[in-house]
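Order as written gives the chain letters A, B, C, D, E and F; numbering starts at 1 within each chain.
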Amino acid sequence: MEIAINPIQAFLIGIVYYLGIDGTPWITHLGNHTWLRPMFNGFIVGIILGDPVQGTIIGAAINLPYLAFISAGGSVPMDPALAGTVGTALALGANVSPSVATTMAIPIGLLGTIIWIVHMTVDTTFVHMADKAAEEGDIRKVNILHVAPPQIFLFIISVIPVAFAVYFGVDAVQWLVDALSGRPLDILSAIGGILPALGIAMNLRAMNGSGKLIFFLLGFLLTAYSGLPILALSIFGAIIAWIWTTLDLKGEY
Amino acid sequence: MAEEKLNNEEIKKEEDNNNIVLSKKDIVKSFWRWRFFVQSNYNYERLQSTGVIFSLSPVLKKLYGPKTDEMSEALKRHIQFFNTEAAFGGTILGMTIAMEEEKANGAPINTDTINGLKTGMMGPLAGIGDTLWQGTLIPILLSFTLPFASQGNIVLGPILFAVLHMGLMLVLSYNVWMFGYRRGREGVQELLSGSALPKVMSFAQTLGAIVIGGLAAQFVDVVSPATLNLSSDVTLSIQEDVLDELVVGILPLGITLLTYYLLKKQFKPTTVLVILIILGAVLAGFGLIGTAD
Amino acid sequence: MEIAINPIQAFLIGIVYYLGIDGTPWITHLGNHTWLRPMFNGFIVGIILGDPVQGTIIGAAINLPYLAFISAGGSVPMDPALAGTVGTALALGANVSPSVATTMAIPIGLLGTIIWIVHMTVDTTFVHMADKAAEEGDIRKVNILHVAPPQIFLFIISVIPVAFAVYFGVDAVQWLVDALSGRPLDILSAIGGILPALGIAMNLRAMNGSGKLIFFLLGFLLTAYSGLPILALSIFGAIIAWIWTTLDLKGEY
Amino acid sequence: MAEEKLNNEEIKKEEDNNNIVLSKKDIVKSFWRWRFFVQSNYNYERLQSTGVIFSLSPVLKKLYGPKTDEMSEALKRHIQFFNTEAAFGGTILGMTIAMEEEKANGAPINTDTINGLKTGMMGPLAGIGDTLWQGTLIPILLSFTLPFASQGNIVLGPILFAVLHMGLMLVLSYNVWMFGYRRGREGVQELLSGSALPKVMSFAQTLGAIVIGGLAAQFVDVVSPATLNLSSDVTLSIQEDVLDELVVGILPLGITLLTYYLLKKQFKPTTVLVILIILGAVLAGFGLIGTAD
Amino acid sequence: MAEEKLNNEEIKKEEDNNNIVLSKKDIVKSFWRWRFFVQSNYNYERLQSTGVIFSLSPVLKKLYGPKTDEMSEALKRHIQFFNTEAAFGGTILGMTIAMEEEKANGAPINTDTINGLKTGMMGPLAGIGDTLWQGTLIPILLSFTLPFASQGNIVLGPILFAVLHMGLMLVLSYNVWMFGYRRGREGVQELLSGSALPKVMSFAQTLGAIVIGGLAAQFVDVVSPATLNLSSDVTLSIQEDVLDELVVGILPLGITLLTYYLLKKQFKPTTVLVILIILGAVLAGFGLIGTAD
Amino acid sequence: MEIAINPIQAFLIGIVYYLGIDGTPWITHLGNHTWLRPMFNGFIVGIILGDPVQGTIIGAAINLPYLAFISAGGSVPMDPALAGTVGTALALGANVSPSVATTMAIPIGLLGTIIWIVHMTVDTTFVHMADKAAEEGDIRKVNILHVAPPQIFLFIISVIPVAFAVYFGVDAVQWLVDALSGRPLDILSAIGGILPALGIAMNLRAMNGSGKLIFFLLGFLLTAYSGLPILALSIFGAIIAWIWTTLDLKGEY
């Protein structure tokens, strides 16, 4: 059974995407992180299109490659929220199988990083405005600048493309995906692969402490050579940190 | 002796200032503003900076009043670069509130002390928090609920995931926030004289650095698909035959250190972003790099 | 050739078991640890039953799963001495093949932990009596309490069940084993699997030194993740301990 | 100067006490009593405590005489909790004898010093000794002799094993015992002033803790055989898909730390034993835990 | 104050000595003599010792003149045992030249200081240099050029290898040499008062020891091919079933430590050589050892 | 096509070998290390025999087992220069295939260690002569002793055997190799396998620093257990060395 998506549904699905972007305030920051999982937003898209069960099944399939998704320091290497919403909508609309939906979802998810980068770049202007308000001690203005302009802008650049994509449907998206496949897609995923370095380096720069780079290197190499899962690494790391701290601060305080 | 005198002085000053005390309601309100709005204006230059102000808003208003010089100072203090993992890192905000409260009531706390604490803790807690939350808890919850979801089970799939994720994390982040505030209050004296704090800071910084290294190894994903076709039957894989023989992960490590270096050289994050995108596009365009899939 | 076991032989085999319990004084503590290996007590049981070669062969087969047997801090996760003596006796008596003997020996060995636990629990009463003698400075009494009552008690609870088991033979034991097999046996082995934690924790509690738990954790995780054999671990451990000690005590003495 | 004075004082005291000197025979007798009777009254509350007294018996009798106050003190000193690996740990007993001898002859050694040494060394030597003896030597000897035994070779099988095992270990434990006594005598001065001992202790404690950790990882054997049958074809293994992804060995580690925690909380070992048995029975009864086989 | 005085004294002395200054040409000439002749008389007793003198020749002649007492002292100083990796270790020679220059001009540098530096650095730089040069760079260059060579490509095979190898290494070793000389000049003061040097030395020594350990593990190649044929179907491999279960690499480790022990016991290297050859021949003759191939 | 090797060519090939010995001054020490690779000296031998391309191909084949060849502390576990020169000459002379050349080259390479050992032993006499010259402050004499006698001696013991071997050709060498094969060759390679211990131990003895042996052991065991390549080991080693140095020298300077 194919579901024809009407304009209102398309708009609502756009909003589903908007709410799944890390930072939209309406459902809390933790809410974003729930909502951005394809398993969950597939379910919501399913409700909008009248088939939540099927939406959940498709969303779950799309979710698989994003199981270990992490966003650190504001880096988003790929966008599960876009993959989940558009992927599920198209799959329900075109009655496509979950596995085909997953295949289409991966390139779509990469496109999401573009939206993310644009919004994080534009937002820098609002913080500059806030600087002036801070100078004047005008906290009300800082607060308004913190919410209104960035969220209006984000709403526009996230809702519109998604609404169009799901309204014009699988053919339009397929065309886009085809146009991208091969070298362009490789390039996009290569970029997505190195962008987390920005977030991690920003976090790292924000840190102090003697031997910071040494311990960063140690954590990197231990993980690279042992394939330790991150929790195990952090227990070993805690042991090392305890030993270092005990010895380094010995007799100082 | 010296400490006793300090205490006396403080008490006097506090009396002079008529001792503005924050209510629990203020602290809780601030917590919710943080949880909802932390990243409303998330950006490459200062990241969560205005989110900090938005969250502290009820506190700062009560302590300093609108448009005063003190308010202006406070705003300029907190509009600086700040970024952490919002749940675990909330404890820093709790401590910050306590320090602002003491400061407003005359304790000898200056901007440097507050900023030292904030910037000292934000990095470690980002590394540790990302690991425990996004890197551990969410994958576990997903691995329990995803199988149900793929059977079309709405309740044990998406809904259970949402309830568990938000429930556990809200309880955690609320407690961590309040803990920060309480420790901050009790600890201001201690903080200023410095006994346990340096140890906690050093431990957190070291662990944070290790963990951030581990995150880099897992999430920066660059390999070289390039090969040298030396003859019809001899092919040299740059990744396996050369790079991996040198140092496993040498490409992601190199990219991360390059990025770090550029940021250190005072390049703006947006500039670095553009550099990374161009670098990635060019190298991938020539087939020199790709993802490990 | 089936060997009929007479009461005297059964009693002697009971004594063989008693002598293989960690702590019986007659053959030294090291003697116990030789004697408790099925390869060895199978040989002795073989002598009693008139076929030491066959006893050795069966004992060796039963010994295999206990190759890495360790008793730390008084924990006995399973009882190779019971498995070896009863298993060999039954195999010789019923002319059962070594591999069948091994199969039966495993559940028997688990039952041995019960005897061990009972004796280590009852022995606490004798140490309380010794406390009084110590108060009076009566070292002779302490010495008597140290040997006589615990060993008489241990003799009774170890010799009798074994003598009965081997006298009544394979059917009786088989009945017991059948009765246990399945869930009860799983439970017994699960208990045997966790009991070493008691011994290890008692040893650990008895230790001092800064960072004790940290280094315990380190040793545990290094072993769990690397599968290092225990000797290699202890060399790495010695390196770590040397580094720690050198740095930690720097400038103190 | 100060040290010289100390020496003089001691010598005087020793003269006062008519200098009871132990003969080599006493030390050797004590050694054999230990090797035979160390665990005759092995129990969950004090483990080898009465074994220590039984072993020291000839020494104590000579030094303090029967039913004196000093004997009573000595007995109460040594009836405390003691447990170690009997062969390597024998060195502690050797040192103890030396200290008792010096003490009886007037050296300023108190109960705390003796107990400090005994309890400080017993744990490390248990860990190290179990590793080298039961964990290394015995498996090696078995792997050489077992193949012969399974061919029915009595001489190269059980007998060779017995001879090698007991021969090597007796030589070792005898020498370790005498070494302890000699070092104890030479070192009492040193022990009291404290120069090498703290290093040896710290080294042994650290190594002991690491090794005990390794023993726990190898010999506490708990896994979860539980699975979640999510559908006809999707099965989630709690052990492999969840626990191992978190921390390998998390169950044995958890059980060991729980046991340690209970002991720390002053639960009696027999109580802890019962708790572990019940816990194991219940969890295994519901199919939640089992052994790794 | 004290330092200032020292400086004054030095300046005076330098004036007295009419300040013999080495030209860049001297340093460079010395470098080339080293690169060509370092191991012309390589031998088991002193290794590169006469190579050092041959290399320093232009410098020593200029500073001390022929057949003077000072020259004799200098020769005896440098004819001692010396061995390092010639490229990276060249930095030690650069520093040595600087120190000889200062010494000749009156700075209070004695033979011990110069020898301390030379022997302190030669070992670490041997370990680190061998690793980076023979252990890393050459294999990489070979893995790039060998495939071409096996196609008969002379240019991209042997010639490219030669050009890259010699080009890269000459640039490196030249710069490292000059760096040593410059640091030596600037640093003599620093060296004498000791601030950064101890750290660099300690770091280099520790790293050097670790790396030498790694080289031993990789390049000392002994295993035992012996087996025990226990029966028709049970075979015990000494290497896999016994030695590897104890400590991986126990044979090469043992051989290396034995060799080290013999050298420490003042056996001459040639004697040790003979011992090793006999040992190897006998053990291999009985089929007890072999290479891992 | 078989190439007949004339006496002059044989002599020249002897010189090629001489120049590939670590320490001959004529082409720099780095030059030796280029020249001693069979890929390279095979090429030179090829030039002498008129077929550089074929020489390079054979040399490359012989080079393979020497890819990771290292000489540390003056130890030469096997001699790629001898294997390369003689192997290539024989293969070209007898028109033998590269793989057969490789097979013959391995035992030849082992014989090279004998030449090396002899020259490093004899050279000790020249250093003793130099001692006397040093006493007299006679630097010219030291310099002459450093070059003339050792190089003349080395020239003789390296050029002659090689020239003979390649002149008398494959049969003579084959006879030698046959005579060696089996136990003698095993013994030679076992000796070659343990000789690097001498070089490493000499380097180690020349080192100072607290904990030298501990860190040596650590490097050994890390490599033995992890199979880390030597560069990775040295990065981990640098991290450990940094931590050690920082803590060990804390507050001292």
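Note that a contact is a pair of C-beta atoms (placed from the backbone, for glycine too) under 8 Å apart; a residue touches a chain by one contact, two chains touch by 3 or more.
Because the structure is a prediction, the values reported are computed rather than measured.
K.L.:
Strictly by the touch rule at the top, which chains does chain A share as contacts with chain C?
P.N.:
D, F
K.L.:
Taking touch as defined above, what minimum step count separates chain B and chain C?
P.N.:
Each step joins two touching chains, and the minimum needed here is 2.
K.L.:
Given that chain D and chain E are copies of one sequence and touch, is their interface built from the same residue numbers on both sides (over half shared) or different ones?
P.N.:
Different residues, largely: of all residue numbers at this interface, under half are found in both copies.
K.L.:
When contacts are scored as defined above, which chain pair ends up with more C-beta pairs, C-D or B-F?
P.N.:
Of the two interfaces, C-D and B-F, more C-beta pairs touch across C-D.
K.L.:
Would you mind pulling out the distance in Å between where the CA atoms of chain A average out and where those of chain B do?
P.N.:
Whole-Å distance between the two chain centres: 16.
K.L.:
With centres defined as the mean C-alpha position, give me the chain A-chain F separation in Å.
P.N.:
Their C-alpha centroids are separated by 57 Å.
K.L.:
Roughly how far is chain B from chain D, centre to centre by C-alpha average, rounded to an integer in Å?
P.N.:
47
K.L.:
On chain E, where are the residues touching two or more other chains?
P.N.:
Residues 136, 139, 143, 150-151, 245-248.
K.L.:
Show the residues in chain C shared as contacts by 2 or more other chains, in ascending order.
P.N.:
In chain C, residues 211, 214, 217-218, 221, 225, 228, 231-232, 235-236, 242, 244, 247-248, 250-251 touch at least two other chains, as defined above.
K.L.:
Name the touching chain pairs, would you?
P.N.:
A-B, A-C, A-D, A-F, B-D, B-E, B-F, C-D, C-E, C-F, D-E, E-F
K.L.:
So in the complex, which bits of chain E are touching chain B?
P.N.:
Residue positions touching the partner: 136, 139-140, 143-144, 147-148, 150-151.
K.L.:
Quick one: which bits of chain D touch chain C in the complex? Just the residue numbers, please.
P.N.:
Contact set of chain D toward chain C: 35-47, 49-51, 53-54, 57, 60-61, 66-69, 71-72, 75-76, 79, 81, 83, 86-87, 119-120, 122-124, 126-128, 130-132, 134-136, 138-139, 142-143, 145-146, 149-154, 157-159, 161-162, 165-166, 169-170, 173, 194-195, 198-199, 201-222, 247-249, 252-253, 255-256, 258-260, 263-264, 269-270, 272-273, 276-277, 279-281, 283-285, 289-292.
K.L.:
Enumerate the contact residues on chain B facing chain E in the complex.
P.N.:
On the chain B side, the touching residues are 228, 230-231, 234, 236, 241-242, 245-246.
K.L.:
Across the complex, what residues on chain C touch chain D?
P.N.:
So the residues of chain C in touch with chain D come to 22-26, 28-31, 33-34, 37, 39-40, 42-43, 52-54, 56-57, 59-61, 63-64, 67-74, 77, 117, 119-124, 126-127, 130-131, 133-140, 142-143, 145-147, 150-151, 183, 186-187, 189-198, 200-209, 211-225, 228, 230-231, 233-234, 236-238, 240-242, 244-245, 248-249, 252-253.
K.L.:
Which of the residues in chain A end up touching chain C in this complex?
P.N.:
226, 228, 232, 235-236, 239, 242-243, 246-247, 250-251
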